[in-house]
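The two complexes that follow have chain A in common; it is paired with chain B in the first and with chain C in the second.
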Partner chain A sequence: MEVKALEENGFSVFQVTGEINISTSPELRKAFEKQSSKKVVVDLEKVTYIDSSGLATLVEMLKKTKAQGGSLGLAGMTDKVKSLFEITKLDKLFSIYSSRAQALTQV
Partner chain B sequence: MKKEFQIPSSLSEVPKTSAQVLDFLKPLKLTEGEIFDVRLCLEESLINSMKYGNALKPEIPVRLILEYTDTELKMTVEDHGEGFDTRKIADCTKEENLLKQSGRGIYLIRQLMDKISYNAKGNCLSMVKYLGKQAKA
Partner chain C sequence: MSDKEIVISVRNLTRNFGERRILNGINLEICQGETLVIMGGSGCGKSTLLRHLIGSMKPDSGEVWMFGQDIAKANEDELDQIRKKFGMLFQSGALFDSMTVGENIALPLREHAKLDEDIISIIIKMKLELVGLRGFENLMPSQLSGGMKKRVGLARALVMDPKIIFYDEPTAGLDPVMTGVVDKLTIDLTRKLNITSVVVTHDMGSVFRIADRIVMLHQGNVLQIGTPDEIKHSKNPIIQQFITGAAEGPISFMQTGDNYLEHLTSKIKE
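Up next, the complex of A and B:
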């Protein structure tokens, strides 16, 4: 997995490529902990696989962002990854956008 | 076809094992969706067995048995732990549990597999996936 942390239009954007699983999710958490923006977008367009550890990591990132009065959106996930959010009802918890561009205007 | 694995209880073994399993299942020509589901359920069950059953002690193996026909895949994952009652796991989809960190692995297995069962002790999980239900990619 690769995580690119970017600043875009006042947002902290995390562009994730590859798999978010029990081995790689600590790396995403570490990248997230370095930022302090109140507006966060996690771009999941290039994520090919996510497990329950990955879902839990995104939940943790959402909780921390909200605790600081901020907002976090998820963008661009594939149908399969999105289906896991729907099955676990996490789609009710997160703001999910079809693309990063859409997230950057609506989060 | 049937194959048995004895896997050391180390998380680094999980991706190696799922790669071996998917290689073994190649003759089934699974769809991308089926591969994703099988891999996820296998890895979630192996991780649970290694962590909670075998306390991540590499010298204590997890036993995995794969059996398949053209229409059905069965994966059995057994650890050496005391077992647990899955009915005690909180429903991760309830609003009050959505922010919790755990409980999603077994829930995903229940949803993505067609049939699952535990032995009486609770340390052996059998998962069945009926094949050919998803359109070929």
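Up next, the complex of A and C:
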């Protein structure tokens, strides 16, 4: 897994590539802790798989962003990744956008 | 199934307990992403077969191939590595009575990974949600009903996101609605995540809801293996008696025979 943290139109964008799993999710968590923007987009387009620790990390990021009065959107997930959210009903918690561009106008 | 990758291959598996031969040369192949149901009379060796599949029992002879390795010959270190990749729901639930529900679920996570406690807590709650037990993380197993313990066992089996899950009677003791919830979860995990499920169950409703293939064990052997349709229309009288639940038939539970009187009056060994 690789995480790139970018600034785009006042958003904090996290572009993740690869598998978010039990050994890599702490890295995403660390990257998120370094930012302070109230508008966050996590670009999951290049993510192949997310395990429970990855989902939990995203849940925590959502909670922390909301606690500061901000908002967090997930963008570009593949069907397979989407079904991981659906089974755990997390698709109901997150704002999910088809692409990063769409997320950047709507989050 | 022939086009699918085989993830578990059982070859000539034999196991005796004392004088009794329980598994008598089982051959079985399990494919990636299928739900295979194992059926058979009580005491015929279903749980014993599962224990051999997960490597907690060693066969007298035969092989169990999983993840490119013969589990039957793996040592404890190798088994430890393999155990990370599958989940097991035991017939009894097998929870630790001295730990809370949450601690029980987190056990495999704490053993195999270094995650922040906040993340572990979210994972515990996500898994409890899956099995319909939101808010039960701080109870002790002794404070739960049998069906609830079963579901906590299932949450624990799922905590490492295994690719293969073994279930020993997951719906025994559950009410019809919870049976439906657990069945749907099994189906979702297979259909949506391509997880392989091996399920021992006596619940005929569940069997025909979840199975891609069914294997019927009888007297230590595979009697028949086939799709739900093939099993439903099987001409084998033992299978027909089993799925219809008829008391009379080739499977005899009334063992009255010539020596019944002798048997009743013989001394039980000390």
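We adopt the following convention: the second predicted complex is superposed on the first by the 107 of 107 C-alpha atoms of A that agree within 3 Å, B and C clash if a C-alpha of one lies under 4 Å from a C-alpha of the other, contacts with A are read in each partner's own complex, and residues count from 1 in each chain.
As a working rule, a contact is a pair of C-beta atoms (placed from the backbone, for glycine too) under 8 Å apart; a residue touches a chain by one contact, two chains touch by 3 or more.
This structure is a prediction, so every number in the text was calculated from the model and none was measured.
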Original post:
Which term applies to chain B and chain C once both are placed on chain A by superposition, clash or fit?
Top reply: clash
Original post:
Should A:Val59 be classified as contacting the first partner (chain B), the second (chain C), both, or neither?
Top reply: both
Original post:
Just chain B (first), just chain C (second), both, or neither: which does A:Pro26 touch?
Top reply: second
**OP:** Kindly classify A:Lys46 by the partners it touches after superposition: chain B alone (first), chain C alone (second), both, or neither?
**Re:** neither
**OP:** Please work out whether A:Lys38 is in contact with chain B alone, chain C alone, both, or neither, and reply first, second, both or neither.
**Re:** neither
**OP:** Tell me which partner A:Leu93 touches in the superposition: chain B (first), chain C (second), both or neither.
**Re:** first
Original post:
Just which bits of chain A does chain B share with chain C as contact spots?
Top reply: 22-23, 51-53, 55-56, 59-60, 84, 87-90
Subject >> chain A residues within the chain C interface of the complex >> reply: 22-23, 25-26, 29, 51-53, 55-57, 59-60, 83-84, 86-90
Original post:
Can you list the residues on chain C that touch chain A in the complex?
Top reply: 109, 112-116, 118-120, 122-123, 126-127, 129-130, 159-161, 185, 188-189, 192-193
Original post:
Considering the complex alone, what residue numbers of chain B touch chain A?
Top reply: 11-12, 14-15, 32-33, 36, 39-40, 43-44, 47, 92-93, 95, 98-102, 104-105, 107-108, 111-112
Subject >> For the chain A and chain B complex, residues of the former touching the latter >> reply: 21-23, 49, 51-53, 55-56, 59-60, 62-63, 80, 84, 87-90, 92-93
